[in-house]
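Look at the two complexes coming up: subunit A is in both, with subunit B in one and subunit C in the other.
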Partner chain A sequence: MKTVLNCNKITMQFGGLKAVNEFSLEVTEHKIFGLIGPNGAGKTTLFNMITGNLQPTEGVIYFYDKPIVGLKPYKIVSLGMARTFQNIRLFANLSVLENVLTGFHHKLRYGIFDTLLRTPRFVKNEKIMVEMAFDLLESVNLQDKANAKASELSYGDRRKVEIARALATGPKMLLLDEPAAGMNPQETLSLMYFIEEIREKFDLTILLIEHDMKFVMNLCDHIAVLDHGVKIAEGKPEEVQKNPDVIRAYLGDINA
Partner chain B sequence: MNITIILQQLVNGLSLGSLYGLIAIGYTMVYGVIRLINFAHGDIMMVGTYFALFAATTFLLPWWAAFIVAIALAALLGVFIDKVAYKPLRNASRISSLITAIGVSFLLENLFLVLFGGVPRAFKIPQVFSGVVHLNGVIIPIIALITPIVAIVCLLLLMQILQHTKYGIAMRALSLDMETTRIMGANVDAIIAFVFAIGSALAAIGGIFWALRYPSINPLMGIMPGLKAFAAAVLGGIGSVPGAALGGFIIGITEILVVAFLPSLAGYKDAFAFLLLIFVLLFKPTGIMGEDLEKGRF
Partner chain C sequence: MKKNTIFTISAIVVLFLFLLYASHNFSAYNIRILNNVAIFLILAASYNLINGVTGQFSLEPNGFAAIGAYTAAILTLTPAQKSAMFIITPMVPWLQSVHMAFLPALIVAGLVTAFVGFILGFPVFRVRGDYLAIVTLGFGLTIRVVSNNTISITNGALGLKGIGNYTTLWWSWGWAVLAMIVIMRLINSEYGRAMKAVRDDEDAAIAMGINTFRVKMTAFVTSAFFEGVAGGLLAHLITTISPTLFTFFFTFNLLIIIVIGGLGSMTGTAIATVLVIWGSELLRFVEQPMHIFSLTIPGIPGMRMVIFAILLIIIMIFARDGLMGQKEFSWDSFFKFFKKNKKLAK
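Moving on to the complex of A and B:
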């Protein structure tokens, strides 16, 4: 099994606070990997380090054996890493189609002069881009809403557009930050099938943060638990579930 | 008052308005992406005009080549100013960048005063732009006819870029949420540089046509048109490109009509642009076509 993402003892220090402390993780190809932990455990900070929004104070991160610490976010995206956000961050005033199109940005090969002169290369590229965006919208079942403003969509649909937009960047690895947050059980269930589906269809490795335990236990192949910036457990869902440290982190020490 | 005079004044106003519009687009685009009122914008217009002058007189280029060179150099200057003065302050408070912009404005004005003196220089008008056309008794200078056409062509090209290309979509995305645009794989710094290049190129075009209309240029010539173009951008709705063009036309036409029909108030003509601005903002704080950009994300 090939290692896609390898975090080696990464630490993120904000002033006197260590948000993440010597965290190590290896994610293997084509797996769905879950990252759980109480609020404020450092999960989103970890995502921000992996995508280049934050620079770890210490440690190294490899993506397909290439060190990515210090690279700008757009470089990391072009290596094949995409993410969604905990609080959905679509471009509200742009249409659904345009939101997805932003994801193609780094893959398009035409210059400013092609744009001004409308060269054949530009026209061809543009056509392909729109077709691909429609394909993606079709795979999330939103092709009918392509021209609606993103702000007009329902919550569940916004999540799907955000995932479609992330897929548009052509990722090998997808980071999902609480994809099921704010969803009802019905929506959560269909999201679970949807994530399975895109993993197969786009051959993805997935790392996700989630609080919904049923969702995590059923979907993930492997789970890591983070508490106060430290990894306290890792393993298959059923192993993690029984781990006394994990129970203590979530419920507090019963004997205390 | 007859129809000929009214028509005459309208053409005049359209021509002046398109100059304000061209300059206003730069204000509105830069504000859209980084929320900065680039007070040096009017001075970039001035510098662009000087570039054109020197290209034509010192380097003896034919007028069209001189204009192209000047526009390209102004675009580079805009990118350079962003890189040196604004980019280091990207994460600082807005007021810091604003003060820096005022500083850059003073720097350019005084640098050119020191280098080239305060005495106005004559801008040589190429033969093509100097004639007049008679149309049913209305006398229209050719330049007054060409200016709005140039402005509208620039506007249409720009709208094409904004609506249908990856750069345009990235610019609009950037104006809503810079962090997310970065994560979508767009090189945000390059996009911002591109915005400065477009804005500054349009300012130079505005400056050159300004000089063809009032062919005497000096290092402080950018101040008043810059302020009025800023008023135009806010009037039209800052952040909106068609709004900036519309605001420019409104302010240009108002100014000309005031001078034409209320000659006793002609001395106050500059005040009317700002009065109009205050009046519109009282009723629509986001300007005519503006949207509240802070509500653009969720």
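Moving on to the complex of A and C:
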């Protein structure tokens, strides 16, 4: 099986604090990978390093065998990696449709002069982009709300728009930062099916951070556990669940 | 052709018919106000592109307008005029001899300003938010100091006099309409969406694969181009320019306009420009001495600004998003509004 993402001993040092310490991970194609760990374990820092928002102080990251450390975040997106945020970050004053359309920006097929002169190329590509955006909205069941302002949507819908927007960039890999945060059990369940569905439909590899254990254990094929910046366990959900180190990290040491 | 495009074209035709009527029948004073409205419309609309649409709060238009005004004026002045004017230090020879017609001079003014904007963009867009405002404010102040001291180019504090009054209603409104079309088309495209995305959440925009630096630069350079042209038009309207014309208050006036009109709304900017420029002429009477019954109030210069300040406070309290918010005027909503009123009347 092909390796999509390969983190090789990456370390992030903030002054005297090592937020992530020599972390290694191999994510294989078409799998859903879960990254769990207590608060402050360094999960989001790890995400930020993978997406290029932070530069690891040591180590290398390969995305489809291409080193991506040092690349600008928007460049990494154009290589096929998209992300969502822990606290949903939609473009609040844009419509749902426009939000999705921004995801096509890096593949834009017309230039400034096409824009100013409204050339056939501009008209054609705008039409294609709108159609593609509608297709994406349809796959998240939000085509009826295409013209609503993003800030007017419910929380669950906003999460879906954020994922649709990330899908618009045409990713091979999707990074979800706590997708189920703030959702009720019903919404969480439907999100689980939804993530399964888009993985099949768009042939995605998914890496996600999540606190909801039921969600992670049911959805993920493979789990890595992070504590104080160090990977303390990795494996199938049932293996990780039984790992004494993991239990200690979450519940504290009973013998201490 | 779409129905709305036909409406827009006919609106532009009506505007130019009105200008044709105005150019023959209006007094010189009123024509001057109309010219002023057009020039400030160009300035405010392009300022709104960077401030309202792209959300980069910056304070540089006085600097850009100054560069445009000086460039255009130096290019249209004849060599003889220049040698007569530069009495402290003679002008640098290559500028002394150059001479151009009005239109190429305006375009060169726009291009020079756009180039300055491009260079300025590199340091400026390294910072965000308040810092951006401070850096661009510094640029505006620097341009004034530079124009005061590069005497062999700008004639220093004496300024440039005798600039041909070439700015007619056709030139000013022609450029205003062109600027509006270019800016509106830019906004209603993927570039515009990216600009608004940067305004709403820059980090999320980066995560969508948007090269935010390039997006900001596109808005900034477009804005600089039209501010340069507008500066050139202004120079050829008032025929005398000096560094004191381009103080921070120049920028402040534009800021009032775009805030009243609504940050991010071009049609709002158009309405606000008419209100503010024409309104400040109407309000001239408050600076005259007044007699109310037996009470005599001496004329207080600057009273108009007080009224504008009060107006701004009222707008900030009751309509925080300005007249139009981020919405644009559209023919559909225009007709819907009238239909609704008809229904109510029945």
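Throughout what follows, the second predicted complex is superposed on the first by the 256 of 256 C-alpha atoms of A that agree within 3 Å, B and C clash if a C-alpha of one lies under 4 Å from a C-alpha of the other, contacts with A are read in each partner's own complex, and residues count from 1 in each chain.
What we mean here is this: a contact is a pair of C-beta atoms (placed from the backbone, for glycine too) under 8 Å apart; a residue touches a chain by one contact, two chains touch by 3 or more.
Keep in mind that this is a model prediction, so the values were computed, not measured.
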- Message: Following the superposition defined at the top, how do subunit B and subunit C come out on subunit A, clash or fit?
- Response: clash
- Please work out whether A:104 is in contact with subunit B alone, subunit C alone, both, or neither, and reply first, second, both or neither. both
- Item | Touching partner for A:29 - first (subunit B), second (subunit C), both, neither | neither
- Touching A:196 in the superposition: subunit B (first), subunit C (second), both, neither? neither
- First, second, both or neither for A:89, with subunit B first and subunit C second: both
- Item | Touching partner for A:115 - first (subunit B), second (subunit C), both, neither | both
- Check: subunit A residues flagged as touching subunit B and also subunit C 51, 53, 72-74, 77-78, 82-83, 85, 89-94, 98, 101-106, 108, 110, 112, 115-116, 122, 126, 129, 165, 169
- Task: Would you mind writing out the residues of subunit A in touch with subunit C in their complex?
- Result: 51, 53, 72-74, 77-78, 82-83, 85, 89-94, 98, 101-106, 108, 110, 112, 115-116, 118, 122, 126, 129, 165-166, 168-169
- Considering the complex alone, what residue numbers of subunit B touch subunit A? 157, 160-161, 164-167, 169-170, 172-173, 176-177, 179-188, 194, 291, 295-298
- Item | Residue ranges of subunit C touching subunit A (in the complex, touch as defined) | 182, 185-186, 189-191, 193-194, 196-197, 199-201, 203-212, 218, 264, 326
- Item | Residues of subunit A defined as touching subunit B within the complex | 51, 53, 72-74, 77-78, 82-83, 85, 88-94, 98-99, 101-108, 110, 112, 115-116, 122, 126, 129, 151, 165, 169
